[in-house]
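Here it is, the structure, as structure tokens.
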């Protein structure tokens, strides 16, 4: 008996619970030398903005203990090029395509959501709310429950298709922002985005990254992300997509047991291009080994 | 010329900027087989409470990528035994002794501070405010600027000796709590305490730690701690004692350049009992190599 | 006293089924070390941050023909840290802290009947202990259990040196099908309880069962305990076990300092 | 095409002063690989998370007597990742992704005068390139600079294969005291600019100076660039350099995909 890996993130059925995380998988097509996209539950695109963005000046990345900092600055082709160039090619592949969306104002979020809504071959929209709101003094949308509620509400109105909200972990109590997003109609919550950090070039007495700070990802943050998953699980009803430092199926199991319906693999894609497929296959092997029929029997079973 | 490592944390002069972090150095005496306490700028004791505490049931610790989670539960001998048994022995050693203090209520903090205030051989009191306030529904003192202000004010009244406040990093904006502590008379700010995390035993579908969550320390958190040091540096005037994942002199330099007057070495003491001395010696070697007369010339010089 | 030293791996022998014997020079500390004391061992530059605790298995003289000043640990691949150890070849460097903790002490009664109870890799501290007993002309009986026949490292070595080794396996592939407390119960039945001294090492459930069996008969019993450890020298408070204080109050004591060897009656399991 | 494979280290040769030559089998990819293309190389189980980029230095046939299907990288110990590489012995396993990026292409003009400019370890991609040129009967001149005499790995090898190697060192311990752009400027002065084709690899400030010198003379110049990389295959957007678009707008292009070899005039330094 082949184990049943399918999961339902709200109305979005995934053939397995493993997606690739935004910003770590390009637009998906770059991975064709290494894997079939159909081996994945889904892919999440690089964050899309109304217009193409060139991103931050280099140095943009630096390795840290069991992790990395990035300050890519959301370089992307823009929503129009995504719809005209990338999505048609992705449609050829049997996987769920999720568009990650960001803006510097509420209006920008809405603009991108409206353009994406209902696009053939798109399974869901994921809002990246870890962006500074340029209209509100640069405050991060996702770090304030009220601001998060407003942008979620606006996007909910703009898009009828499944809407996932991706939470920032840089908050005192992630349950507050989770509840705010749920109350405004998010169909699922993705967590977590990167933690703000900084690395210093001690020889030059300068920040390593041109942007000074960057987002920490990778195994280093896994214990923090698992804890937030477990906290949010008990605070909301909507499905959770867990992520943060998943390198192996065992790591993914931590999130699934803690309450994540699906997971995303991010930094691991850089370390090993087949990492996400290996995680999915590892979950299948785990089910077989333990004689469990469906991964859904495990979701949230942590005691 | 031997380089000058001395620093002043407010009125507290340290012979070098390296202290050992609370909870990672016992009461200091356990390290005598490995080092002379006089080789250290100072030591910070395990957190002291009004009465001895037996702490949490095991399993209390677990390794995570480039870090560890701990849920010791603040097991300690109590302030009275510290004053009668530990401090007299520590007094024999030429190093700054800092007493780390915690309570479950404001009154407990005050009680411990009053007992410690002016104790001969004690250089400063450090408030650990990462504790749940049992009178306020378990909310963490240090995660709320108003609660932090109240407990700082009360301890400031209770103790005339130097008062350091050790900040929790589990907040949306650490500058807010930093300013609150400064406004209420903290002489210095120590940052950061551990990040809340969790590890799952996937075979048993149980949290690894009996306490479910624990505090993440070690190299994994260094980029986050350096960023917070840099942020707080520009928000307050009082000296900063930086920590989080310092394993080497190079790591310490990140904090010093970002604005820390002194640093604390924590988890590294477990990995190598002489780690803190090695950091201090490494800083001396660094100054010599670069022909810098005093470490104070480097503090906060990050551009 | 306790030292922190870098030392080369002399040999790392695969004993099969995930059991390994690692040998390294430890001149400075070997002479002062007691059986069931332990080392914290780390591999610099690896992705394993904390050192891992391992009982000393062989001290100078324990195993014939081994170089002077070298010691051995017997270990089983369990997780990341032990898998890393198993990947080391001769010449690799390990960072070693030790000797740590309180080891076994031979019974003070000269006529004591010594019974060693080992569960799987829990046999690790017994070679050095047997060698020490032998030197003072004492003998021991052994009960050695495991899940299956392959999980009994050094069995032949023990058979040569003990007054009989009772083997038990969960699956009956060697010795009696069952657990170590079966032969132990038999032994204790006939024996003069006051003369018997049990030394046990193995997984915690086994130790708890051994403790129960010996306490019921008033038999002296020393357990070598396991616990996850961060420091190994008493400062992290991570390795505690619940113990009973006089008056019955529960305390948490450190396996790395107050143990790893503790008297069965002290534990509040 | 690009493959991700685990492979044993065949040799790891210490060339002195922190320069090393690492050899490993790469049967599946060596044939398709171009000089100045690169590998991402990692060491599983180490505390270095991300792989590090290294140009292919030797392809089959580059170095005499090396086994068929083996390739070499020439590297300098710089930080944690390269120190880790240097600690590997023959038999250790490395994880290799490649071939990656766009390599050198010989000049299309058959009468082109080829000038290689290398700064220190930046000489790494030139052996394979020289071997390829040799096979089509072409020769090259080399300018090879470094801080000091010891930092010129494979200098003798280059001397045997080039029409002259001009050496410069910052401290004058070998060749002319100065930097590579000194002899380059001289060469370009007399030369027919349209015939010269410069290939340069080295630290970014050197590449910028070479770009400036060649652009001023209208000389064709290909630079093999460096940048910190996380993925090496175009998805992290971490390795970008500023380039000039038609119309003058600045864009950020990926060194790992659009490079590492880029035409000097494209860069907006």
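Structure notes:
Should a chain be cited, it is by its letter among A, B, C and D, assigned in written order, with residues numbered from 1 in that chain.
Here is the rule we go by: a residue touches a chain if its C-beta (ideal position, glycine included) is under 8 Å from a C-beta of that chain, and two chains touch if they have at least 3 such contacts.
In this text the structure is predicted, and so the values were computed from the model without any measurement.
Within the contact network of the assembly, the step distance from subunit A to subunit D comes to 1.
With centres computed as the average of Cα coordinates, no chain lies farther from subunit A than C. A straight line joining the Cα centres of subunit B and subunit C is 36 Å long. Measuring from the averaged C-alpha position of subunit A to that of subunit C gives a distance of 47 Å. Subunit A has residues 65-67, 218-219 in contact with two or more other chains.
Subunit C has residues 47 in contact with two or more other chains. Taken pairwise by the contact criterion, the protein chains form one closed cycle in which every chain touches exactly two others. Contacts between chains, counted with the stated touch criterion, involve the pairs A-B, A-D, B-C, C-D. Looking at the complex, you find that subunit C touches subunit B at residues 1-2, 4, 42, 47-51, 95, 97, 227-231, 233-242, 250-252. Touching subunit D in their complex are the following residues of subunit A: 23-26, 30-31, 33-34, 46, 54-55, 57-63, 65-68, 70, 72, 75, 218-219, 267, 269-274. Interface residues of subunit D facing subunit C in the complex, by the touch rule stated above, are 45-47, 84, 87. The touching residues of subunit A, counted against subunit B in their complex, run 64-67, 69, 143-144, 170-173, 195-200, 202, 205-207, 212-214, 216, 218-224, 226-227, 230, 245, 250, 253-254, 257-258, 298, 301-303.
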